[in-house]
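Chains here go by letter, A, B, C, D and E, matching the order in which they are written, and residues are numbered from 1 within each.
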């Protein structure tokens, strides 16, 4: 199989950054390490910002990001980018929430703290609990730019540290609103149709749902060694199968 | 010994952990008498006194068995009963310790402390009582100008008399004295002995002493504590 | 007193913090004699002994001034010199404390402890030495069957003799004894006194005691410590 | 004479109430964990589909089990305590026996200060040092097991220093003078008498330190713990640890199965810490009982 | 003197110096690394402004406030309980019940912090959300309750120790004069032990301020100045844990060193006060 490329290799491969990437990375790492236990792959989160920064500083071999690194970042660190999936960022609420669709204005109003109660939107008479991510997050970056139009985010918003944490927070709180990578969505959270478009793999792929982005793996300079092999594997049919199994849209 | 019985002790045992200190003590103590207890060091004299106001329960590993009943005016009460009101008992059974134990406050406050505990508030009568008690303990003249001094600055003998005064202020019915004159010079000893003779009219006194001549001078009844037994001496 | 001088003390002062305990002491102590020191409690007798093996330096706030020289066979050495080898000094100047201080180990290990410190390893000669020392201190018969017992289980008097044995095991040239018979009964006191008389041939003894008749019986030279002065008694 | 005074009764009621609130609070926490995670406790939780012996002998990596996290935690404890113990013992001995009273005051304050530094600040320090070294010394230095262990060792140092110093200080003067009186050098006194007598207290200090290493998350979060790493192969590799695993699961579990594993991990960590606690008490009792013979 | 005897003191002293040096180094590093922001005269701004990186505002006032709110509330919750428990062990139930409680409290010191956070997330957060229907349930109150449980053993054991240090001759003296337990507590034990109680309080406050995980998991980490105990808040410790992932060169990232220095100095001040009140006890 395509894992044969890893035969006879040994060493450590460090991966950090975007949390949207983690399920795919974990699966890939598991397959590689099962095949060849001389290879050790470590995976940390931190967010896209941390991923770009750490790979730039040489602290990790692969830095993942859920947004395209800025031109400044690329030139400063001499980054090479490898995009291996397409993903969207969708607004989610608790499945029990009767609110299923919002207009762009409403969403901005909610996040700016101007709409504070679900009953203003046809829901229960309970305060809206906003969840957001910190600035290192690529998911936040995309959501802020493409869904909120760089609008304000209320100071009252609760902060969580990853895509997984966002999903867990919304799952547990019937009055929550948050945003996650489309790949993370399942029946424990309910997607919100934005301006009439429900964020799903299909609408993202078709371009109908606008809040979309690529998932990147970045290396400092051209990729080499284990990093090269891992990214090549990701882009191979077998790797792309994993990508789609995990709920993302393969690039090839 | 025609006075009525004040304290009845029956089958009294006392232990520290597994060690027996007192074994089957049976004695009576009559009202308004002075009872002395002598005996070698480390035999349990001090321990015996603390049984009578149940302070022994503050000691780790201490255990008593048997019966001690005291007549405070309403017939004999078993002081070992569960839920027996210890604060009341200890107000009626005063005690002066072997080592003087003034509290770390002023001389005046030391003497008024029991009154504060008993909830007495009348300022004038309190001052009166303090003076009385200190005069009784032959300490008034020495401290009347420095009542607000810290009591711990007093000399050992003065501290001993202060503690005596402090336990007199509540007018106890029974008074337990553990070597009350051990750190006093001869003249003070003499006045304290005279005080004891006078106090007899107001209360029943049980006193531990090492000085046989003192015992002979003041005690109505003598016991020697040896081999876990109280024997008439 | 025809023996040569062993210890010369000149202009010795001793302080605890700002408090003067000893003031301008000037005495000589001759080899192979017994010197006794008596005096009221709390005057500094124990402190004086600890100066002679410089254990006083282990006490917080203690300070000495003046000169103490001892002749260990190579002429008089100033023991207050900086860098003077204290472990050597203390091996030559043995001390038995006022309160018995056995280490919390077995009886046997207590006696062999000084040998361990000195680095002696020969098993047989060690056993021999332990037996000798315990016999000298008249303890052998009482403990020979329980050498591995914890030394703290011994009675106060036994502990005192154990500590004596422990300091004999290194054959000191000077022996400091702080009330060595205070917790012993009469017969034990007698045998210890006999021991001291015999030890005189091997070392110089300085001893604190409260018992005047004991002092009279054994001492060649007597001092009374009072008002910061050592006066011949 | 049976009356009990009102304030006394109030005091008694109040203290009962407080004791109840405290014990109830903690019991609810532990009960909740057992209720939710008790059933998940089995070998699968730890080793997943790998055979236990293969995992323990490091023949095979464990995927999806807690084994790497448990191994990481144990390695971390071993390393940190191994670093902190000799250092802490020496410093404790210095403070108790050698330092002048002035030095004791100054160092005492610094040790207290060290004990008070929030663990995240220690972590931040470890992190910054690593980045600093990475930049200016050797670009092959990354956040890793060794850095975490060093930072943790630093965090638990004060426990060991303070218990050592306290235990030696508590030895009565007479016992302290015994060996010098017999001609012992200062070092002999320390090694042959003072340390053995202080051993029981030192053990409790060490156990405190171990407990802290087992539970700390803030420090390792910044200095090298990661979500997936397997059993670390060298001091210079990243690692997993139980408390971080629990934290990670609590915030980003993806489904009920993963959550149950979180409960299981919490229970296991609690179990490890309680075992340490009980173990420490047993050792202490053993040492106390045969204090003499140990010397 | 043998070589060993000469080297040993140097080794012992060396170890102490090393520990002290690293301790001071930590502060030095925090200050040094926050210098770039401080030099531009931004210290005051950082300490007082609000946090909004999108608008170029990097103030940590809300975090300082959050730290104080959460730590103080946790003290308000656990101080009376700890006091009551130490009364229980030392005054009212000295016997078996007291000893059992003491064992239990000692055991509590062995419970890992992350357990409090974990159970807090799944038990207390939904409870608070449903009970007060205000916010997400991640709030100052939630964090303070768990933090209160976390710091109470520290306090209880410290209080007990200072109660135990009250000389027995004093307590025996008042007992023999007929004091009730309440009077004994009020007139002798508390006056004698209060410096110890104060020291314990300060140390517990430091512990509460320095804890990261409970606040990070339970307080919601929002960046506004809290106005009610049901609001979310972010502590300095949680702030460090969250922002550590940011770009190293950003101002955002550099503020975490300011946060670290502030935390260090605040706990240092606490320790200093505790030592002073502790010395008064002797």
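As a working rule, contacts are C-beta pairs under 8 Å (C-beta built on N, C-alpha and C of every residue); 3 or more make two chains touch, one makes a residue touch a chain.
Since the model is a prediction, treat every value here as computed from it, not as a measurement.
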item	value
Of D-E and A-E, pair with higher C-beta contact tally	D-E
Most distant chain from chain C, judged by the mean position of its C-alpha atoms	A
Distance between chain centroids, defined by C-alpha means - chain B, chain D (Å)	52
Centroid distance [mean C-alpha coordinates] between chain E and chain B, Å	48
Whole-Å separation of chain centres (CA-atom averages), chain A against chain B	82
Interchain centroid distance [CA atoms averaged], chain A/chain D, Å	36
Per-residue overlap in chain A, given as positions that touch at least 2 other chains	45, 57, 160-161, 169
Shared interface positions of chain E, touching two or more other chains	1, 121-122, 180, 183, 248
Complex contacts: residues of chain D adjacent to chain A	60-61, 63, 131, 134-135, 139, 142-143, 226-230, 233, 237-238, 250-255
Residues of chain C that touch chain D when the two form their complex	53, 55, 58-60, 86-91, 94-95, 97, 99, 101, 103-106, 109, 113-114, 116-118, 150-152, 166-167, 170
Residues of chain E defined as touching chain B within the complex	168-180, 183, 187-188, 192
Chain C contact footprint on chain D (complex, rising order)	101, 173-185, 188, 192-193, 197, 291-293, 295
List of chain E residues in touch with chain A within their complex	50-54, 62, 121-122, 125-126, 129, 133-138, 220-224, 231-232, 234, 242-243, 245-248, 252
